[in-house]
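Common to both upcoming complexes is subunit A, partnered first by subunit B, then by subunit C.
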Partner chain A sequence: MAAKSIISRPVYGTLSPQPGKHHLFVADAEGALAISDLAAKAPAGFFADAHIIFIPGNDGKHVAALEALKPAQFYQGPTFASALPRLKQTLANAHMGLRLYLAGTEGLIGQAMQVALEAGIDHTAIQTEHRGSLARRIQCVHCKGITENVTTQPATCSHCGLLLLVRDHYSRRLAAFQGVCINAEDRSEIPPTEEIFR
Partner chain B sequence: MSTGTTKLDVVVSDVVPVNELVTRFHFRRRDGQLLPTFSGGAHVVIEMRDGERTRLNPYSLMGSPLDTREYTISVRRDDVGRGGSLFMHSSVRPGMEMVISYPVNLFSLDLRARKHLMLAGGIGITPFMAQTAQLAADGGNFELHYACRTASLGTYADELTERYDRRVRLYHDDRDERIELDRLLSSQPLGTHLYVCGPSGMIGWVRDRAAALGWPTETVHFEHFAAPQPGAPFEVTLAVSGKTIRVGEQQSLLEAIEAAGVDPPYLCRGGVCGQCETNVIAHDGKFIHNDHWLSEEEHRSCKKIMPCVSRFDGGSLVLER
Partner chain C sequence: MYAVNIEPHVVGPKGSVLENLIDVDEHYVAEMQDRALVLAEDPLRCQSLPHMTLAGWDLLELLMEQQALGYPEHFTLTRDGDKWRWINRPLGIDDSFTFGDVSTLPYGPMEYITRQSQGDFCILDQRDGNLWMDAGMVTTQADWSLDFDIGMNFFEWHAPVPLAHEKGIFTRALKFLTNIQQGKPARRLNWTMTINPRLDTSPENYHKWGPDRATVTPENVGDKVHLRVELQSFWRLPRSNGIVFPIRCYLIKMDELVTQPKWARRLHRVIRDLPEELADYKGLTRYRATLVEWLSKLDDGSPTSAGFGPD
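Moving on, here comes the complex of A and B:
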C-alpha cells in the first residue's frame, strides 16, 4: 500500500461492486487478486455483464482464476500497450452505466485512467486498487521523456541520462510521476541510489 | 453582510404574462450599466417588500448569459404558497424599483461533459433556458426532455422547439406521454452529464434511477428550491446574540432569525447550498429536516440544522447564532 504524501500523489481504494449495466476491469499481475476479492462480495450474475482486460506479466499467474469468474468477455495480453486499442475501442462504444475498475501496479492504473479520462469518465468515478509492485512511471521534466518501471531513488532518465529525484508529484494527464534533476548545481555530486519503489 | 449576496439596484423593465400560471419579469440596472456576468443555471434572490414583510425568494435567471443588459425570471403563481409568487404577480409593475442579489450558480454545467442531458418538469424549465442558450452559442452537445401538464402550460416549449428543433422533446401529462427514463439513461454515450430540475418527486425519481443504472454521482446534477414549508410555531434561543425568538407558522427559521436583527450567511434559501448551516447547542424535541444539504447521518445526529427550510417541534432549541 502506497504511503500518504502530497495531495497530487494518487491514493487507491479497495474495489467494490458498483451499480451499473456493464463492468469493465483492467488489471495486471496481482491486480487479479483484487478482482477475485471483489467477486466474493459481488451479487450473483455480476460477471455476466463484465469485461476483463488482463496483463498477467512474466509469471503468467492468475489467468485461470479470472476465467473462472466467467466474465462475458476476457482478454489477456503481454503488455498494456497491446491492450490499449481494445480498451480505447471499448470506451468509445460504451454508454453511461459502464463502471470502470482498475487494479494492479500504479503504472497500469495510471495509464488506464488516462485513457478513461479522455473518454469522459471522471477520475473520482473510477474504482482503483493498488496491488503488486510500487514501480513508478516517471516523466523527466527536462527532456519530457517517460521512463517506465522506476524502482530507485534517484533514477536515471532513460532518454537524456540526467540523474532524477523521483517526486510524489503526479500528473493524471501524463499518468506519470515527476522526475527532477537531483544534481543540477554540481553534476559530479552523485547521491547514493536506493531501491525504494519495489 | 451575507455571503455572496451583494445587492443590485434594479428597475422592472417589463412584465410579460406567458400563460395562465406563469409571468416573466425583466430587470435592468437603475444606473444603466450592464448587469454582472452569469452562467447558465444561476439564480438571483429577489427582495419583495410587501408592507411590513420582506420576502427573499430565489429565481433562476432564464435569459441568455450572453446578454447582460437585462435579467429575466419566470414566476409560476402558487395560490397556496407563502405569498412570494402572488406578490410578484399582483404587485410588481414595469418601472418599479427593486433590489436583487448578485447571481449565484449552484446548478452549473460541467463543461467537461461530452454531452449534456437535461430533464425539466414544469417551471423547472427556467435554468435550462439559460443553459441551452449558453451551450448553443458554443456548439455544445445537449438534449432537453421537458415534461409539462398540458401544451398550454408548457412554458417556453414553443420557443425551445423553434430554437433547437429535435434537440428538444416534449412530454404532456394530459396525453399520457411519459419520459422513458431507463431507456433514455441507458442509451447515453460515455461522458454524458445529467441535469434535472422540477418537482421534488421528479428529481428523486431521476436521481434514484440514474444511481441504479450506474451513473456516478459526479455526473448527476439537480436543483430543487424547496420553498420553506409552513408548520407549527416554535421558540428558539440564539446563544451567540443572546436572543429568544419565535418562528411563526408561515415564517422560516432563517426569516425569523433575520427579523430579530441577526444576519446569518445564506445563498439559496432553498436547502441546497449549505451556507446557512447552523450548529445546535441544545435541544429537547424533534427536528423537521427539509434540506438536501446535510447527510442522513447529520440529520439523525441532531447537531446541525439548515434554518432556511427546516423546522423544530418540541420544548426548547438553542442554536449557535
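Moving on, here comes the complex of A and C:
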C-alpha cells in the first residue's frame, strides 16, 4: 500500500464549462469522456471557440465522439511529445480569456500543466479531471531521470536502475512524483513489488 | 511532540553561537570547501527562479553586513553608492562590483554570497498569502531536495512531515512568518540525527550515506551517532519583500554530548519516547534501540532543569 495521501499530491476535480473567450482542451484516452460529460452541461455554441488536443493512445477510441462536438480546432496525436509544439504555440499566442481544461492520466495532466505554468497560467485557474490509468510519472531524486508510466511499488529507475520508493510527494514544476531509493541503507533488502498504480 | 518554538532572533551570550546573528565559526573555511565540492558534483543544489534575482541582492547585502559587523577582522564591506568592495580574508577574496548589476559578479548574487556563508539558505517569495520556495543554496540538508521542492508553497514542501499538518503547526507558522518585519528576525531550532559528521545528507546522495545507518553498534555509538541541531532564522528582505531562511547545521557526537549529564538524560528520554512516525521521518529506526540502550546507562532518572543550556 502507498502511504496515505499528503498535501503536495495533486487533487483533481470535474471539468465544467468556464466563462471565457476560448477553450483549450488537452486530453488523453479516457479523458475524452470527461470532455463529453462537460459538453452535456455546456451552453450552445461553446465548442465553436474550442480547440481540442487529444492523444487517443493505443486503442484509438473516442476520436469520433470528440469530433462530433464540432470544435473549432481538433487535433489528434500519437503521443504527448508530438502534441507539445502545438500546445506551446497555442499558449504562447493565447490572449486573456483563454480557459484551459486537462483530462486523462496524471502524466498527461501534469505535463500539460507544466507547459501552462511556464506560459504564466496559474495552476489554480486550470480545470482538471483525472480519468483512466493511475500510472505515475516519477523523478528519480538520485539521477534526476524521469520514468514514465510507473505502475508498481517499488519501481526500478529506467535510467540508473536503483529500486525506488514511489512517494506521494509531487512537484508541479517537474510534473512528477518523487522516487527515492527504497533499500539505500541495505541493498540486500528487496521488498516485494506490487502493482498498485494501474 | 511538536511546538511552534519561534522566538526573536536577538544576540545572545558572548562565546555562544548567538554572539552574532550570522554565526561564523572555526569550521568556516572547511564548510565552504565542502560546499564547493558538492556544487561541482551537483549544480542543482543551487537554484533561483527568474523572479528571485532581486531577493538574491537583498541576501547578499544582509550576509555581507552581518559578517562584516560580527567579524571585522575577517570581512570588510565598503560602499560608495552602488560601488561596493567586499574583502573576505579567510577565503582570500577581494572583489569590487556594482550592487544590482549581475554582470559584475562571477555568480548570481545569491550563489556568490552563499558560497561564502555557512549554512543552507532558502529564499521564500511572499504572494497570495503564502510563501514559495523559489530560490535556495542547499548543500548541507537533512534529507530534502531543493531541486524537487523549488517552486512549491509552504504547505506543499512540508507535505511529507508527519502529524504536524493535522495539529495546525504549519498554518500557525505560516501566519507568523508572513508577518515577519524588516529588522526583526526570528529563529527556531530543529533537530535530527546523523551518522558520522556528514553535512551533505541529501536525498540525492541517500544511496551513498544511507548504508552508514546500518553500521551503528553498541561499541561505536559514542563516536558515530551525532545530534544534528539546525538553527533556523527568518529575515524579511527589504527590496523584494521576500523572506530568507538560513538553516545553520551543528553536529555533536554522542561522546561529546554526554559530557553534560543533563543532555545525556534528556536525549535518552527524547529518543526513547519519540512517536514512531517521527523516528521514522527522522531516519532513526534502524539504530534507535541501540542508541536508547547506550543512553539509558547515563540516565539516573533525576529531573532535567529547564532550557537547553548545561547545568
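The criterion applied here is as follows: the second predicted complex is superposed on the first by the 194 of 198 C-alpha atoms of A that agree within 3 Å, B and C clash if a C-alpha of one lies under 4 Å from a C-alpha of the other, contacts with A are read in each partner's own complex, and residues count from 1 in each chain.
Just so we're on the same page, a residue touches a chain if its C-beta (ideal position, glycine included) is under 8 Å from a C-beta of that chain, and two chains touch if they have at least 3 such contacts.
Note that the structure is a prediction, hence the values are computed from the model and not measured.
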{"item": "First (subunit B), second (subunit C), both or neither touched by A:Arg99", "value": "first"}
{"item": "Contacts of A:Gly20 with subunit B and subunit C, given as first, second, both or neither", "value": "first"}
{"item": "Subunit B versus subunit C as contact partner of A:Lys88, first or second or both or neither", "value": "neither"}
{"item": "Partner chain in contact with A:Ser8 - subunit B first, subunit C second, else both or neither", "value": "second"}
{"item": "More subunit A residues in contact - subunit B or subunit C", "value": "C"}
{"item": "First, second, both or neither for A:Gln139, with subunit B first and subunit C second", "value": "second"}
{"item": "Subunit B versus subunit C as contact partner of A:Glu185, first or second or both or neither", "value": "second"}
{"item": "Which of subunit B and subunit C A:Ala125 touches, first, second, both or neither", "value": "first"}
{"item": "Partner subunit A, residues of subunit C touching it in the complex", "value": "44, 145, 147-152, 155-160, 165, 203-207, 210-211, 213-214, 286"}
{"item": "Contact footprint of subunit A on subunit B as seen in their complex", "value": "112-114, 185-192, 211-219"}
{"item": "Subunit C-facing residues of subunit A, complex", "value": "6-9, 139, 141-142, 144, 162, 167-169, 171-174, 178, 180-181, 184-187"}
{"item": "Subunit A residues touching subunit B - in the complex, by the definition given at the top", "value": "18-22, 91, 94-99, 119-122, 124-125"}
